[in-house]
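Structures given as structure tokens follow.
Okay, so chain A shows up in both of these, paired with chain B first and chain C after.
== the complex of A and B ==
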């Protein structure tokens, strides 16, 4: 008997249990969220104040955006460690472009446009670089983005000389941070809009379908004629493009280009995606899991801040959560087999 | 090598009774009995998938049988592990090597049983014993060489040496000569004779009649996981063995196909692949007929059709599809030209198991306006189309939202066939189409092929199941060592002719 047939004999997924565990999982996280909120509230009643809830929503919207970006690549069995430094680099680049445009006497509209163009161009370049190295040159995503992690930090620090870049016009912050749409703060409105669009992209387009198929079985996808490499490059571009959008929103919030704006974001975004239920094995996850995971991480750190848990201890907690999230994912995988 | 004399030669060394092993959906072994005596060479004979590998894996402790009893020596054996099997003297040599490429031969020989003194390796002692063993075996290998620097034949010898280090009572050899030269094969045969005289029992898996004739005391024929018969090698003919191996009942299973060969759809000239698995092959397939390709495992038959589809790189040669040259094939471009490929390994290369049947079936058609417009999926149209196709293929139960992983082998193949019905295709490449599927589903696959050629398509079937390609194909190519060894049509298309082209070089070597 050939080994081929042995693999044909591999066990079928246990379907009833699969749906049960999936249902359980989708119930677990919201319950955990509520418990977390109420738990922190017993220490500090400020947790449930409407000001803090709005704060949480706003905080979440940034992280949700980054978790969505990370989810898109994780769906294809990929990874973007460089997401945080990409954010820093875009922030610095955006601020420099706007400062430069202001200095050369352009009008406000042109200055904003220059900032946005520079920011997205840098983000897209970053994604293209990652995508080409991973999909075309075949470098493992972990290693490839660990490399671009350093490259992006290097570029961000060099461009800014390691100092915050001033010269972000007030209008920029007024639009992307202070602005609101029908009373909804800009950050939340933008994230909701992006979330809806991304969901449609994943669920309703050939590109989205391909991400799931490639993530589930890259070899079969290639044999079935899907343009796997091209799609993977586009995926990394999409990921870094979303990161650039987040970077622009955060730059508007701080009012300057920050060379270490993205510090812990890579890990937080991965934590958000994984805790939400995106599978590192590929093919499982979506906008919903990213948003839920981001909400969880944000509430956790918000609560830890309000209950004055030391920042370094918070790092320990975040690291542990990533590992626990991955372990849970693996347990679910094993269950499935 | 240390060899122990069996104290009671009348009792078989190994006695298996009613051994069954089931993998989900596939019954690999069905109540198999086997006796091997000390000093006997016992050949396991059967087609691919007959259960030989599963049986030797059970004997060497790789996986436990689901039922049945297992006696070795005087003991009843339960919960056998590979380590335990070696301890009691069962030593397997598998086709897939167990050597670690980055270690030397001697390090591999002593892997997991290193000679140590207070935790420190005694390299000199191990080197001495390794050289002694290799000398004794008469193998031409240097124990201090790294395994990845050895040729495949030398790796095979190192593997055999590894199996013979320590106390051996039952040696299992799985197609050991597949990568050996004539001279090395001769050495191996001498070694086997010596082991037999030292009362070691041997289980020997081979397709090669010549070896069976030269070595076997008894032959056990397996078919579809069942024990068919055990015969004395001396009292049986080749024809008898082949007949037992293939079984005649299979003939009834194939539909009557009327081939009407039309223009040449696939024309291949002097094709050579980058890995050398196919060399200077000339081949053609016509519309309206099924063209078969037979050959032993590793002869390059499946690489040939994979190269047409664009998943194995070619270095030279010309592929023409419907008269037009087709350069640098890729799966995507092949599908656009009307070529479909059905992989042998549907789990690795066919299906996205956790995705629904619907998505799996439409996977090859996502570039078509029927499924998507401007990159946006037409989900309602997709559901209707795929449901219609799967109904036509008699998917039971007809629920296209189930995940493909929940399906049996036969239904998985139907999902693959369903893909073919989503677009206009003219060339169908089937790689081991009936592997891992049940008899009923096989028949449906054959009927499917029949409908394809009646509709004017060209169908190419690559199969290791000889009765299958014999019955289905109008013209049959036989491949051997990457080359076309024969092209058989009409009355020449017999099992005897195919087998003789497989074995031609071996017979030639024997004469020389």
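== the complex of A and C ==
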């Protein structure tokens, strides 16, 4: 453990001198967020209403979860293009399992359990496929997950015949969408809980630290005796597992299994992670960057919606933001060196 | 060919493997697919189906050639699909505008449309290249951004409605025309591939692209002007995507923002990768990529003819992609490293 920290920390030996500028830079995005919110608020006072803020929080929680999933693999210099189709596949699988269990006359608890089991099983299977192909067969993550992207889309649309799958019990939606914990809506509560756990995993466990080492210097990780392949497989399983959780939450929101639920999520999640400051070169990022990036994108699109900016213009703005975000990140890194 | 093999192999044995390593397994797969399909379904080698396959393969091959060039230089171009759409829309709009200003002057109308379409592609390529080469942002992120922005601009221009108003002769005399029994798109694709093969083998640009993708530091030390050539690869990729957009527009008879899209982008990357272009850069040949584009098109066509559910078809594409690259990776591993 301490060995790992040493080798990761050894990259910048003169840490104390750098913390000030580093702190300033890390404040850029939160400040930009506040400016963005206030800017939109001058056009439309509805932006800062408590209803809209809660709405933003709830919308963010889904994207934040997916950005976290993506961050985990990006830390190891990978990415998961199949995340969106995985979400679609899990959504369809969960709904089908619950509809099937209901039809065969099982009790509500058994139905919910069947749905959750099917959803997570599909998610984990997808992660295992990605992990095995990438880590054991040595296929580039882009190609591997592009392959599973196609496979998952095919499975999702075939299972559902391309139509929404009905038969999701109302209780499922009541728990995972309508439910609340101490007054906090379920989506937010789940994302916060997952975020805290994931942060602890990444920051405090050997597994988490080794992800950073693999991303920073894969050869050093191998030389240090880490079971790199096994860790990578676990990483992709973790990523797809988180995606499955998000898919279950989104299925509860729509109340049906949707074969198009994932749509553009893969790239949105990568954008969220990267805008927040996760480095595609690996080894840098975490729960915080994923949440910040997701918050930024959600506030931006929410504000643009409320100020009635054309949807097509929004695409252009979002594209520009992604590039600018990464450019800022690169400048920040250069300054650090 | 045999002598070349013998001299290349000091042990004097021509193993099946060394031949396979030279040609690759792709042509073999292609022949097997064609032979199998011809035996199963006579419709497959009917003239209509063959022309259909060639036309679609040509469009994909043109985009995939540009994509391959970018990947060989160590980059990525996610924006090609969106550029196809943008070029289509811009071409149609420019033609409609010129037709309103100079009615009847078909040569001018077509020239302005094609120039505008290719120009819009060049602009996207320049932006990509500038961000990657000068601002040093990762190609994946840059083209992810320009993909969204370009698609947005295309939709903004048209509001998602097809654009009509191009001269009859552009559609009938070019887009849907046939010369020597083959559609225009095929001729253009062959020209593009030949030019690209020549550029890769015989021009400084082509050699430098390999050098940059193979080892940037070594290329810098050797005095290669990296930035200009990286910008060049992105411009070529975008202009070729724009060319495909124009060909599609001429064939369909209207400019549509729904052309290309993610599907075209993913297929172009799949074609390049199955065609032996290494995502690590520095390796790949355009002519094999073109064969790979043909293979992917025939595969899709065969699945249709065999009545495989269109929803299930992506599964085959995914499995074949992963298998092709995994096989390539495994065979490389088994070779001794020099």
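The rule is simple: the second predicted complex is superposed on the first by the 304 of 337 C-alpha atoms of A that agree within 3 Å, B and C clash if a C-alpha of one lies under 4 Å from a C-alpha of the other, contacts with A are read in each partner's own complex, and residues count from 1 in each chain.
Convention: a residue touches a chain if its C-beta (ideal position, glycine included) is under 8 Å from a C-beta of that chain, and two chains touch if they have at least 3 such contacts.
Note that this is a predicted model, so its numbers are computed, not measured.
After overlaying the two complexes on the shared chain, residue contacts for A:135 are found with neither chain B nor chain C.
Of the two partner chains, neither chain B nor chain C is touched by A:237.
By the touch criterion stated above, A:320 is placed in contact with chain C alone, chain B being left untouched. Of the two partner chains placed by the overlay, only chain B lies in contact with A:224; chain C stays clear of it. Common to the chain B-facing and chain C-facing surfaces of chain A is no residue whatsoever. For chain A in complex with chain B, the residues that touch the partner chain are 1-13, 15, 204-207, 209-210, 212-213, 216-217, 219-227, 283-284, 336.
Residue ranges on chain B touching chain A, taken from their complex, read 23-26, 28, 48-54, 96, 297, 311, 330-332, 334-335, 341, 343-355, 359, 363-364, 366-367, 371-372, 375-377, 379, 402-403, 405-407, 409, 419, 432, 435-436, 464.
The part of chain C that touches chain A in the complex is made up of residues 76, 131, 135-138, 140-142, 144-153, 155-156, 159, 266, 269-270, 273, 279-280, 309, 311-319, 321-322, 325-326, 329-330, 333. Those residues of chain A lying in contact with chain C across their complex are 133, 137-140, 142-144, 146-151, 153-155, 157-158, 161-162, 267, 270-271, 274, 280-281, 310, 312-316, 318-323, 326-327, 330.
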